[in-house]
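Chain naming follows the written order as A, B, C, D, E and F, and within any one chain the residues start at number 1.
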Amino acid sequence: MFGLNFDIKLGLDTDGGTWTALLFALMALVAFIIAYAIRSRGIKGHKEREHVGEPFYFGNIVPSSAWVKSGNVYWGFVKAMERYYRPVRGEHTGNANDYISWMVVAMTAIILMVVFL
Amino acid sequence: MISLADGVQIVVLAGIVLSALFVVRMRDLISAAVALGACSLLLSLEFYILQAPDVAIAEAGVGAALTTAIFIFAIKGTQRREDY
Amino acid sequence: MSILGLSPLMFLFYLFLLVAIVFNGLGMIGLLRFPDVYTRLHAATKCTTFGSIFLALAVIGYGLINWVRSDFADTTALTFMVHTFLALAALLLTNPTGAHALARASHRAGVEPVMAVVDRLKEVKK
Amino acid sequence: MMVPEFFQDHAPILVVILPLLGAFLTPLIGKASSRAPRYVAALFLLGSLAMVAVLADKVWSQSPIPVVYTLGAHSGSGINPVFRIQLVVDGLGVLMAIIMGIVSTAAVLYSWSFIDKYSGQDKYYTLLQLTAVGAYGMVLTGDIFNLFVFFEISSIALCGLVAFRTERGESFEAAFKYMLYSTISGVFLLFAIGIFYGEYGVLNMGVISEAMSSAGGASVLDKIALGLLVTVFSLKAGSVPMHMATPDAYSEAPGGISAIFVAASQTGLYALFRTSFTIYGHYNPNTGAFNLDTYTLGWIVVILGVLSMFIGVTMALVQKDIKRLMAYHAISQTGYMLLGVGVGIAVLSDPAKMTAFGVDAMRGGIFHIINHALYKGLLFLTAGAVFYRLQTRNLNEMHGLGHTMRFTTVFFMIGALAIAGMPPMNGFSSKLLIYESVYQFNPIIAVIAMLVSVLTLASFVKVFYSAFLGPKPENPPEDAPTSMLIGMTILVAVIIVFSLFPGLVVERLIDPAVRALLFPWLAGGV
Amino acid sequence: MMRPMSKIVRSMGGVLYPLIAVFGGYLILHGHLTPGGGFQGGAVAASAVALVVVAYGGTLYKKGVLSTVESFGLLLFLGAGLIGMSAAFFANTLANAGGLFGDAVSFGVTDAGLNTGGTVPLMNIAVGCEVIGGLGLIILALSKAAFTREVD
Amino acid sequence: MIEDTFLVVSGFLVLYILGASIRLAAGPTAPDRAVALDTINTLVVALMIALGVAYYEVIFIDIAIVYALLSFITTLYIARYLEERNVGGEAAGETTGTEGGA
């Protein structure tokens, strides 16, 4: 069934070469093991020393109030792209009439392109 | 020269178009539902004249009784006048 | 024996058709010309029902003629008669009921009869 | 394993009618017991998946010649496709059926707990199975009118499912918008079918393409029909600028349904590719001409794809609603598929370019379809699990779910890595194929595609950061119920297999689909 | 709940309701011989339901009955398709096979009897049940929804 | 021969239908329009009978029967609606208190 024979092809041939995910996963595993080995050589129990580098929360218990909310993530990106975002968000009105008008516009454009180009 | 049968058909088609226009133009939704009833009535008649009794019965069954009933219920459940 | 060059049966048939046309037309004119809902309803329903009865009678007569002419072999003509009779029966049952429902509804909806001085139904209801 | 001959013979129709039978049995069973519908639905969808497997075996063994099943006639008796309803199953159709089978099975198991608290479960399962019927029918039929019928079935069933949670007013609004969109597009689809029928008097897609070919290529009316079809199907797939209703519908649908929604939307892509290749890309070996010079059509599809990719991902980046964010990503990922196959359409009449990169682009695009259905389905399921525990979809109100919802977190991470195209996940394999081949077609578009991939990663980092990392919440939620975890595990298992063996998957699954699309082209010996 | 209409309408509805229902049944059963068929007959019969709903106030029908009729119709339709599975789905294997709808018909224009047609009449009946159930449910649900809405 | 006579009759009837639809358009109140619809219904049934003879098809008379029965239901629904509401239909000020009875 399914015509399965056991010469399983590992790599994916693309124009540029071959992509072998299994090999990558193995390498990643090896890298992970090396990283873990290095990590395990570090000093244990550094968390016990309190208030190390207070401005940075790493290693300490973070209070909920200090957590950056999702809405503030990428604030700068959105601010920088504001000239793009304002018209695009403006088009998403939530009004069904606008939805249909966009559909009609797209349909007209596509038909004109198909017929005349 | 238009034959009599063609004349009948032309008048019926004109009636369909007219009543469809009423449906769209009327602000009073119950009148629009009445006009829709007339529209589907004439549509059924048109199918009948085109010798498609099958479709005419379907149009009669759905268009005459059921759609009007559904529209009346819908208008009853919402509001009678179209406002914008 | 013939009337206007037609056999009596054919004469009756054409007469019925004439009556149908005339009365249906009167119904339409009444619908257009009368002043309020009740009179319009009266004109339209009564005349069109009457006209349709005569049209159906003409069709039945036509079926009868064909049936008789074919020596009672043309079953299609017979079915015509029966089915037209059924259609007529349906019309006769539904039309007055519909007219009644409409008149009652208009009265309940508060449509005043134009030019009416007394409205006994309203008085009774009150 | 031996499959009885009965199932072998009737597999194409059994795929469609098993869920149909289940859908109509469900309300009857639901009168007797309120818990029975879930088992019926799962049973029939599993049966349907098994039939898909049988069908897939049959199709792949005779690829690229499609499996033809004629309704209402003894096979082998003089069958005239003009008068018969036929199911024509080839590599692409069976691939879509596999997607639908896996996702619907996962979703139905997931729904066991998800809608446990709601009334009207029999209707939910009925509609769920009807959605599966619509999708299966759309991808298996060879008759364009049947395609319309199944298109409507899946649209209407999905509309009912979007409005399932009646305690939310937004659900009705989203369902209404989706209904409006799909009804109007259905009317235009019917109009296009009417044009075909008026011109050629047939409804079978293969026969239409041959009739068009013998009439000397596509006429102006055919081109208008093509424009309508492209619009309608890209609307169904949720491509910009006809995407407006999809974020609403995806985000308001119950968790399991959003996953099915993705798979059902992709039938729109299937239909688009089917019309582009089978009807309009038909190659006439006698005259050496195609029905239509598909270069313009290819560019239209590519432009739709690029727009969808970019606008989808940038809109996703600013969303605060977790499911809405994922819905915009669904639009964005649809763009990749349109891009990949659009390149294939554009170079269809140019054999040199086709062999150089067109085939690879199509492989990438089609591989992306199945990848996307899997990981986006998984992501929607995890989002549904989060919603199930927190009763909110607002990312601002979440933090630290990773402390307690451990499995959900891991599953989300797998899905997010896959959608962002991080190696070694399956998303990377398909995107790699698309990048490399599209770069040869037009470098700028390839760069945009990579940028979009980066932005995708960015927005999923945002979700992961704000929902799963961070301080432990005051009332830490439990992990998702077992049946939901089972549903997610199915998808995760398939994703991992697809990730680790991309070469095998492309060879066994994707190449038959590509060969099926290019079948007239290959048969013509270009 | 909606009020019933006047007595005249009610008694006339009582007379006409069986007439319409029987006519719908006639259209369904004669579907394979004359114009009409499952959908048309079902729609006409569902109009009978609509008549009763409007004349008597919609208390006479139970939703459960109609939905059972609908499910039964759908299952019967699929069952009629499955009967032909020995050849193909929807194959008309009952035709000319004897039995209820299996009388043979000679080729050409004939006066075919009611008991011919194989699975086609079965499918008509199934579609008829489904349409009666579905449209009747719509009417019933809408009448309840429209007349129990609180004024806001 | 006689069939042509029926065609003439149907020509008249169709003109009457057009005339009645003037009332459908013009009718100042909704009941007027409903009356016009009722009239058109009757006329269409008559027309269907006449045309049925003109085409000499029995099944066409069946459609007339169906239509006569079904158009009645439409009339009932409209009447049912009008019973409850004022003609002007200023929905804002209305109450739906009449429904409470049954």
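Methods note: contacts are C-beta pairs under 8 Å (C-beta built on N, C-alpha and C of every residue); 3 or more make two chains touch, one makes a residue touch a chain.
Just so it is clear, the model here is predicted, and its values are computed rather than measured.
Asks: What's the minimum number of touch steps needed to get from chain A to chain C?
Replies: So the least number of steps between the two chains is 3.
Asks: What are the chains that chain B and chain E both touch?
Replies: The shared contacts of chain B and chain E, listed by label, come to F.
Asks: Report which interface contains more C-beta contacts, comparing D-E against A-D.
Replies: A-D
Asks: Point out which chain occupies the most central position, where each centre is the mean of Cα atoms.
Replies: Measuring from the global C-alpha mean, the nearest chain centre belongs to D.
Asks: Computing the C-alpha centre of each chain, which chain sits at the greatest distance from chain B?
Replies: Farthest by centroid: A.
Asks: For chain F, which other chain has the most distant CA centre?
Replies: So the chain farthest away from chain F turns out to be A.
Asks: Once you find the CA centre of chain B and the CA centre of chain C, what distance in Å lies between them?
Replies: 22
Asks: Quick check: how many Å separate the C-alpha centres of chain B and chain D?
Replies: Distance between chain centres, rounded to whole Å: 39 Å.
Asks: What's the distance between the Cα centroids of chain A and chain B, rounded to whole Å?
Replies: That gives a centre separation of 55 Å.
Asks: Suppose each chain is reduced to the average of its Cα coordinates; what separation in Å results between chain C and chain F?
Replies: Chain centres of chain C and chain F, defined by C-alpha means, are spaced 13 Å apart.
Asks: Going through chain C residue by residue, note those that touch at least 2 other chains and give them in order.
Replies: Where chain C meets two or more other chains at a single residue, that happens at 90, 94, 97, 101, 104.
Asks: Can you tell me which residues of chain B touch two or more of the remaining chains?
Replies: As it turns out, chain B has residues touching two or more other chains at 53, 57, 60-61, 64-65, 69, 76.
Asks: Note the residues in chain E that touch 2 or more other chains, in rising order.
Replies: 5, 9, 16, 19, 27, 35, 44, 47, 50-51, 54, 147, 149 - these are the residues of chain E that touch more than one other chain.
Asks: Using the contact rule from the top, write out all pairs of chains that touch.
Replies: Result of the pairwise touch check is A-D, B-E, B-F, C-E, C-F, D-E, E-F.
Asks: Show me the residue ranges of chain B that touch chain F in the complex, using the header's touch definition.
Replies: So the residues of chain B touching chain F come out as 4-5, 7-8, 11-12, 14-15, 18-19, 22, 28, 30-31, 33-35, 37-38, 41-42, 44-45, 48-49, 51, 53, 56-57, 60-61, 64-65, 68-69, 72, 75-76, 79-81.
Asks: Where on chain E does chain B make contact in their complex?
Replies: 27, 35-37, 39-40, 42-44, 46-47, 50-51, 53-54, 135, 138-139, 142-143, 145-147, 149
Asks: Flag every residue of chain E that touches chain F in the complex, lowest number first.
Replies: 1-5, 9, 13, 16, 19-20, 23, 27, 34-35, 44, 47, 50-51, 54-55, 57, 147, 149, 151
Asks: Provide the residue numbers of chain B that touch chain E in the complex, in ascending order.
Replies: 53-54, 57-58, 60-62, 64-66, 69-70, 73-74, 76-77
Asks: Which part of chain C faces chain E closely enough to touch in the complex?
Replies: Result: residues 90, 93-94, 97, 100-101, 104 of chain C touch chain E.
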